[in-house]
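In the two complexes below, chain A is the common chain; its partner is chain B in one and chain C in the other.
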Partner chain A sequence: MVSIKPIRDLIIIVNQRTEIMKRIFLILIGILIALTMNAQDAKAILQKVDDNMSSRNRVFESTMTIHGKRSSRTITSRSYAEGEKQSFTEYLSPARDQGTKMLKLKDQLWIYSPASDRTIQISGHLLRQSVMGSDLSYEDMMEDRKLTDVYGVKIVGVETIEGRKTTILELIAVLDDVAYYKRKMWIDAERFIPLKEELYAKGGQLLKRTTLTDVKQLQGRWFPTTIVYKDMLKEGKGTEFKITGIKFDQELPAYIFTKAALKK
Partner chain B sequence: MIRFIFKGLLRDRQRSLLPVLVVSTGVFLTVLMTGWLTGIFKDMIDVNADFTTGHVRVMTQAYAQNETQLPNDLAILGADDLTAELEKQYPEMEWVNRIRFGGLLDIPDSLGETRAQGQAVGIAVDLLNPQSKESERMNILRSIVQGKMPDNKGEALISEDFAVRFKVQVGDKVTLFGNTMNGAMMFSNFIVAGTVRFGVAMLDRGAVIIDLSDARNILDMQDASGEILGFSHAGYYDDEQAALIKSSFNETFTKADDEFSPVMLRLRDQNGLDEYLKLADSMSFIMILVFVIAMSIVLWNTGLLGGLRRYTEYGIRLALGEEKSHIYSTTMMEAVLIGIMGSIVGTVFGLALCGYLQTYGIDFGRVLDNSSMMMPQKFRAYITPRLFYIGFIPGTLAMVLGNALAGFAIYKRKTARLFKELEV
Partner chain C sequence: MIAFKLAFRNLLGAGLRTWLIVAVLSFAYVVILFYNGMLSGWDRQGRRDTKEWEIGQGQLWHSAYDKYDLFSIQDAHGPVVGEAKKFTDKGKLTPVLIVQATAYPQGRMQGVLLKGINPDQQILKFPSSMLHQDGQEINALIGKRMALTTRLNKGDKVLIRWRDKDGTFDALEVKIADVFNCNVPAVDNGQIWIDLNTLQKMMDLPGEATLLVSGTDEINENVGPWIYKDTEFLLAELNQIIHAKKGGSMVMQAMLLIIALLAIFDTQILSIFRRQKEIGTYIALGMTRAQVVGIFTVEGATHSILATILGALYGIPLFLWLGIKGITFGVDDMGITMAETIYPYYSIGLIITTTLFVILSATIMSYLPARRISRMKPTDALKGKIQ
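Right, the complex of A and B next:
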């Protein structure tokens, strides 16, 4: 007579293993769902940031205070920006810079100087040069694309900054032609605007740090009106960029975004 | 006796030809390499001194720390007063103001828009003052390939390579674009007075030379200067003199708690030139040592072969009653004579090739195209009085040493066995 005990034991072992496999499978599914949800949450947050920070067009006046080692200087300017591809800036003061104009069309940048009556195009690696000795490069000024178009994103933590709860996002570039391969952004959890940002090179070196403050509600959106840029490779106290007035979605004359406007 | 030995050497060429060839080759290489390396180091130090470091250089401490970035925002303020003070306190040197700046040289088309552009290294020197020695010091006049020296404000010299690459002609308008001392945008138009090629890759890539007063205007640097350079009136770098002036100046002017206070550096404190100066000083010794060791080994071997060949001769001389020490000393005298003959031949050929290399040099331009060091593209030799005698040291020493080692075989000969050996 054949004993059924070994068969019963075998069935028990198989059942146990199946149970373990099920659990592993469920854990993996859980991780996958969590990751997907994280990515979806992160992407949704970034989309809201883009919604706040981008607009069809905008006109703003600003001051840029550059803190040098010996002294500080403040430059005022008026800028017009349409979408992601066109912008025009006219420097209003000080006298040395008055009348200097800057035009960005897609990935090209021209600067016009009334003193020399010359229009100079800045391109290639020269875009990485500092603008007027500030902590901003021409590349920084030109980068207007929506973050969701350029970066993949995930949530890496939470933190409280100046009493405001923030979600920390890590952005990794999905395109090659970006100024910064990696960004770390501290996003206000309620207002969906960045309060702090760190910009990294592909090698992992921290290149710039920005702090965004004076968040105001303007035409139904939250917007930071003071940004302090600090080039981490440079000594100094950084550059303070303050928006003194801003209007979104205005009717802009088309000629503003032409080279002819530079000499007007 | 010497005449006798000398005649012996001339008549028995097998005794002298190979050693003379070995010695002259070694001496030739010693003289050539010493002369060539002396020339390379001298040119390198001269280029650095004339274009960048001076024999001494005064900058603010903050500027000195970031010097490679040409940080004119940290330049010396009150430069005219400081220069006057330097002239008063250290009259043994000539003091000159210089401004170096980075920027973009932009070439317009007929509509005034960018046709071509490249990065420029601007050097502002006192060009328009007829008493200034700056153009002579930087060899500007002889480096002009097309056009002429600027003789008016608003004129510039640009690198010939840049002009060729971007098709810029003498008389064309070019625009310098950069930042002023205060960080404002600087756009300034210049007329190209001429093009220059210094034979220094770093400058020939994109140098722009303008007058100091123009630079002060466009960079908002009135009464300011990036650097004040001191050049010894003697015309050459004297390390002791530089060290004394540096120490005296820094004691008086440099303040530890003020990064904008001036600091003086000697030539050898800058651009890693200390290592090169040390190397230049020890180069002759290294050359002599290498060739003495190498040639001694070869000549020892030659001496041993000669000893075998002259085995019978030494045997007969010993049999005739000549002292072993006398045979040894005559061998040494032969060695000295061969050493001197070889040294004369080697020195003559070495000096001849050095003379050629001093005039024409060897162009390493392609190798140095991307070099960021201030180095001449042509490596030239430099004939110094030392080259006339330096070859005699390894030449004679190696020959004597080689023969001295080989000559010990004489003392191993057994007089009792001589006749048996001579029968063979």
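Right, the complex of A and C next:
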């Protein structure tokens, strides 16, 4: 006579294992859905930021204060920008920089110096040099790809910055030729503008921090008018960029974004 | 022979005046020898140090590399394969990878060249064995000049930021394993040396290099895509500096010599003016005008012989002493290969050339005023009439 007890036990064990497997599967599906939703949410936030910060064109006047170890100096300029691809900047003061003009057309950058009456194209390693001694490099100005095209994004937390609730996004590069492998952005949860950004090296070292303040409503959109760039490896207070006046979606003459405009 | 006897007698008879001229001429002679000896010493030491520390027996460059163009560095790297790899494996070539980076010593920002070298290489005198990693820390070597400008010492840690081959920023801390002392600024100024493998990993450029340093004279042509640069090409900068220095020093040497030669010229004019009766007597005794000109020329030129003897008397001990002790100039920050202490080098060729040059110049300077004798009338000369 064959005992059926071992067979029954086996069936029970198999049933239990199947149940566990089912649960694990459901949990994994749940995590995957949560991650996808997180990524979608994060991407949507980033898209809103892009929409809020970008415009057909803009004209603005600004001051850039470079804080050195011993002293600080302020440079004022007027800029015209069309999308992220084209921009033209004319430096207005101090006297030694007055008349210097900078033109960016897609991935090319030219600088006109009135002292030598020459136009120089900034390329290769020159792009890595600092702009007027600030914490910004020419290359930082040249970045014109959309963050959503270059980075994979996820929400990693929430934080309150100066009374504003922010969502923290973590951006990890999905392409190889990206200057900063990782970015962290603190996005105002209501206005969808970045209030803080950190740029990291591949190894995880914090390289630069940008703080955006004085958020104002301009032509129906929220816009930060003071940006402090800080090279975190260097001593000093960083570079303060203040927008003193800005107008969006203006009628800009086409000649502004030509090399001929540099010598005008 | 009579001319020499007369010349010596007259010169010794002139006393202090002769010795003053001889002293000035001997000083010029010794200074010329010293300065050229010092430049030769600098040249010899510079060439030797540059070969030992930087260029070996020649270098093989990546086709995009240009030593004088920093912007070429970004793209100047390639895999060490084929024939070049064989030479490398035999220890006849050592690869060096060069990368632009930024160092942050004490929170200051400084552009540097990050150089990777095999810690086991034997071609350069460079203390690369210190680059062997102990644990997780990356050991780095810097030269004394770099240590001075960055205020970094042995054991200090410094943060370095660079971009990998795709242009992505990366940063990490390295430990200064040692500060080496060498006379070649080209391996020191603004440079941080680390293990080649580590740098290749950091850059994501496995097995690649910017240049290969040769340790053998077997390699004297391009190896695969690597362009051969011989030692003369690599030493061109030093050669040009020495050449320029020699050119510049000639002005000072010429001034000194002119002062001494003017004294001889002046003495000759005075002698011919004051010794007209003597000249007339020589001619009356049957000497030709040319012989008399010869006597006076030899007399003037004898100053230089006395000067070389006097110069040798104090110059030889001085040069021997300087040859042993050397001349210390301190740490060089001029960006050229120059030892802290230079040991002057006096070749036989240099001594003979300088001696002949001084004697020849003195002879010409003595001859020029003596030519007047050939235009003298013997009768008037005997009377001592001014002509």
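By our rule, the second predicted complex is superposed on the first by the 253 of 264 C-alpha atoms of A that agree within 3 Å, B and C clash if a C-alpha of one lies under 4 Å from a C-alpha of the other, contacts with A are read in each partner's own complex, and residues count from 1 in each chain.
Everything that follows uses one rule, which is that a contact is a pair of C-beta atoms (placed from the backbone, for glycine too) under 8 Å apart; a residue touches a chain by one contact, two chains touch by 3 or more.
Note that this is a predicted model, so its numbers are computed, not measured.
For the composite obtained by superposing both complexes on chain A, the positions of chain B and chain C are in clash. Put simply, more of the residues of chain A are touched by B, taking chain B and chain C as the two choices. By the touch criterion stated above, A:Met132 is placed in contact with chain B alone, chain C being left untouched.
Contact with neither chain B nor chain C is seen for A:Arg17 once the two complexes are overlaid on the shared chain. When both complexes are overlaid on chain A, the residue A:Ala201 reaches chain C alone and has no touch with chain B. By the touch criterion stated above, A:Ala173 is placed in contact with chain C alone, chain B being left untouched.
Within the superposed three-chain model, A:Leu233 lies in touch with chain C and out of touch with chain B [touch as defined at top].
In the overlay built on chain A, none of the stretches 218-226, 236-244, 254-262 or 272-280 of chain C clash with chain B except 236-244.
Common to the chain B and chain C contact sets on chain A are residues 126, 235. Put simply, chain B touches chain A in their complex at residues 62, 66, 73-74, 104, 106, 108, 112-114, 117, 119, 175, 177, 179-180, 182-185, 187-189, 220, 259-260.
Across the complex, chain A meets chain B through its residues 66, 68-71, 73, 94, 96-97, 100, 110-111, 113, 115-122, 126, 130, 132-134, 235, 259.
Within the complex formed with chain C, the chain A residues making contact are 124-126, 128, 173, 176-181, 199, 201-203, 205, 207, 231, 233-236. Listing the residues of chain C that touch chain A in their complex gives 70-71, 74, 100, 102, 104, 106-109, 159, 161, 163-164, 166-172.
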